[in-house]
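These are the structures, in structure tokens.
One chain, chain A, links the two complexes that follow: it is found with chain B in the first and with chain C in the second.
For the complex of A and B:
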């Protein structure tokens, strides 16, 4: 009994990612050329991304409703595929500079991407768990890829231990939910009694497990250390890919299981407020650029959780629900582009062994390397939320969703946090343009592939900042999540 | 029924005693040996539910392979008796009431929810045949994905453990 062709087409992106991962491993002994491997990996990421278009035109379930390929999962497939493509593009010169083996690196990136794809389209908790583990285990290894570096070892070890702990929470949550409802399928859970305490406990544990993956406070302690120690292209991947996929699953769970709605409003409220403050206040005191961006990514997870709060507060109002969901998706895309670009700049300015990560090393960058400084400024301004950039509209849509759902206080807290965030983003820009270079800091030429990544991310940031209608229209299509 | 009930209580008691001993033993080897008791008792409980396959897997994988790994690692590391610090005493004083509270909470919830109408019934899904049907029909996709998951784990172990090549 082989599955029908439609089913295969609906999981095609995962098959391509995994297939090319295996291919890279098989060809590794024969292919000595670094560029050849990078090309192969890029083909895998690109083809997988292209294959994600099929579900957009032909939505439906696959494998007995374990997987749902619709606009929602298609969006996330495109997002993680694009992230993988850009990360591979940016990491090729990085791997060469640090003398790291390329084949395994690319294969792990592709496997992680496949896991994220599964996570985004899973309609059943066990499938989601396998996807989560595929992406997590690849991530643990990637974090420790620079084996001679002590910090990388610390990063991988911390990520592995805390990540396994979070996974245990997630699994225990699944077990309790199964005990309460007798099923692990999200679509069948809606029949369960929403007030059941076992169900609530199970969902709370799932929330803790996924809260860890998206780095929501108080489950965020690992983030700065892991982001700092991991190779910077991998940090770019972490901040864009797995986070988006975990948010996708969270959104699926908490919008398809009615039991999950009202009760979770306060949980998301507290998580959002706490995450925003922890991220922004933590970033204020950082002198290491990577750590600063890590804290900033915690803060941005907080902003996204504000939109979650709005989604949980819709009380069955479909219009509000789609507006909230559209805000989350738009923000995730805008944020992924910006973080990818920023970490790519940081990874190449860091120099061999990633020694130059201090804020002071960026002094005079405006004169030394105007293009890199301009690109980094654009990303920082988008993170800050300045008009014309995608970051501004992302924040705007979240504000709108929050105010439509009467979350005035949360919107106020978010505004306060945006102001706090402005301080450290602008500080870096001021250092780049207003201070003179430190002696002995050389110009670091950027390879063509890195420039390409910067061009794509910068173009995307401005394009979606100016013309958001296509994306918003696409993501706010009614029933985007529930597939009605 | 009564015979089953007696066997259940004996096995459940053994499992709980093993688990408690696992925590209170001060030498890691003793803890590992206590864990074997828990695993075997759980296997007996699975048999009681009519899940022969799960019981066999429990013995072979958990009782066998994983425990051997545990014991081997403990011996490789030459781990001695655990040290008691102020913090570990604090953890014990705070942890025991919390564990009792969690147990009471779960027990109360289960007692309140009345007779189990959903979930696993003996001999339905858990039997070898039922399990095979589930695994290769309904859940064939996650099952196949698991093979990639294991591949990732192997690749990861290789990457992290391989000897530095002179480059």
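For the complex of A and C:
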């Protein structure tokens, strides 16, 4: 018996990502052309992204409620598909410069993307586990892709050990939740007694496991090391894709399991406050640009957790719930665009072997390479949250959600953190424009594909900063979070 | 028949041992083994619950966990070999180029 066509269409993006990944590995011995492989990978990412439009117009469950393809999962499919597309586009010249094999790299990016897609549409904890592992295992390999580099090996090892450690917690949490409710289907858990100790323990362990994946303090220790050691295009992927997918799963568990909603509120409060401070204070003392951006991504996970806290506080108020969810989705998109752009600039300014990553290497960039400096400044200003950029509105929506839920203290902490963050973002901009170049630093021309990535991300950052209504209207559509 | 909570206590002890070994051991292979111990503690819990409920879905979950753990082991051992070749050592304290 074959599954109905609709079910297959609902997992089409994953099928396309995986299919093209396998195709790339099969063709690799025959296709010697680097550009050909990049083209094939781009086709895979692009077609997969297009295929995720179907669930948007025809929402529903597939394969006996293992998968739930709705507007929510469609949004995340579009997001991770776009991220994969841009990462592949930006990494083609990088791979050539570092003399790395392209086929497996692209295939792993596509497999990881498929895993994130599964994670975003999982309606059953088993599916979520499979999706999480698909994206994690590919990421472990990608982190150590520059095999000769000692740092890359170390980064892969740390990511692998801590990632599997977190997965074990996640699984133990699922086991306990299964014991408490007798099911691993999210939709059937609503009847569970929220006071049960087993259920609470299970949810706490799931939160720990996913906390590792989104780099929330105190589970963030791996983040700076892994981000620094991994090849920079891969760092761009890590900071945008898996994080968004893990947040998607958290939101889905939240909106379908009432017990999680109440129990997690204080956990999110503490996580959010701690994560913001650890990220921002850590970034202050960094001299390596990649590490600084890694700490900044921890800080941004903290801001997103503030919105989670607001969602948790709504307790059945649908209007505020959708507003909170819309804030999270908007922020994730704005953040992904900016981080992708920033890491792409960093990866190409790093030069062969990624040697030029120090803050001082960026001195005089404004005169040396005005376009790159302008683009990087735009991303930094968006991370900082300056008006006209998407980052500003992202922060604004989260503030609004927090205030509406009476989370005044958390909003105050977030404001303090934004000010701390301003210091290190502005410091880099000042170094780029106010200081003279160091001797011996050459101009590094940017290939066309990199320029295209910068154009797309910069355009998106400004466009969503000026015209957010379409996106917000789309994401705050009632019933966007289904399964209730 | 052995009561379910006996299995659960054993599973919790195994999981705890895995966590302790992960934190305190210094050899990469041993750390890796402690993760496997944790995963098997999870499997035990699943099978125990599955038996208590008289349903099969917990056991199906275990099959998936075993398969995924094998895939993870393949990648993990590859990474460990990479570390061993590059550094001639399996002690995690010597793998310290990246610092806070």
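We take it that the second predicted complex is superposed on the first by the 482 of 484 C-alpha atoms of A that agree within 3 Å, B and C clash if a C-alpha of one lies under 4 Å from a C-alpha of the other, contacts with A are read in each partner's own complex, and residues count from 1 in each chain.
As a convention for this text, a residue touches a chain if its C-beta (ideal position, glycine included) is under 8 Å from a C-beta of that chain, and two chains touch if they have at least 3 such contacts.
Note that the structure is a prediction, hence the values are computed from the model and not measured.
*Asks:* Scan A:145 for contacts with chain B and chain C and give back first, second, both or neither.
*Replies:* first
*Asks:* With both complexes superposed on chain A, which partner does A:171 reach: first (chain B), second (chain C), both or neither?
*Replies:* Second partner only, chain C.
*Asks:* Applying the document's definition of touch, where does A:67 land relative to chain B and chain C: first, second, both, or neither?
*Replies:* first
*Asks:* If you stack the two complexes on chain A, which partner ends up touching A:157: first (chain B), second (chain C), both, or neither?
*Replies:* After superposition on chain A, A:157 lies in contact with chain C alone.
*Asks:* For A:118, select first, second, both or neither according to whether it touches chain B, chain C, the two together, or no partner.
*Replies:* first
*Asks:* With the two structures laid over each other on chain A, which partner does A:57 touch: chain B (first), chain C (second), both, or neither?
*Replies:* A:57 sits against neither chain B nor chain C.
*Asks:* Tell me which partner A:3 touches in the superposition: chain B (first), chain C (second), both or neither.
*Replies:* In the superposition, A:3 contacts chain B only.
*Asks:* Between chain B (first) and chain C (second), which does A:18 come into contact with in this model arrangement: first, second, both, or neither?
*Replies:* In the superposition, A:18 contacts chain B only.
*Asks:* Does chain B (first) or chain C (second) touch A:448, or do both, or does neither?
*Replies:* neither
*Asks:* What residues on chain A does chain C touch that chain B touches too?
*Replies:* 126, 130, 133, 137, 140-141, 144, 147, 156, 178-179, 182-183
*Asks:* Touching residues of chain B toward chain A in the complex: what are they?
*Replies:* Residues 109-110, 112-113, 117-119, 137-142, 145-146, 148-149, 151-153, 155-156, 158-160, 164-165, 167.
*Asks:* For the complex, which residues does chain A have touching chain C?
*Replies:* 126, 129-130, 133, 137, 140-141, 144, 147, 150-151, 153-158, 160-161, 164-165, 167-168, 171-172, 174-176, 178-179, 182-184, 224-225, 228-229, 282
*Asks:* Using the touch rule from the top, collect the residues of chain C that touch chain A in their complex.
*Replies:* Its residues touching chain A are 8, 11, 15, 18, 22, 28, 31-32, 35, 38-39, 41-42, 45-46, 49, 52-53, 55, 57-58, 60-61, 64-65, 68, 71-72, 75-76, 78-80, 82-83, 86-87, 92, 95-98, 100.
*Asks:* Touching residues of chain A toward chain B in the complex: what are they?
*Replies:* Residues of chain A touching chain B: 1, 3, 11, 14, 18, 22, 25, 62-64, 66-67, 99, 101, 104, 107-108, 111, 114, 118, 124, 126-127, 130-131, 133-134, 137-138, 140-141, 144-145, 147-148, 156, 178-183, 196-198, 201.
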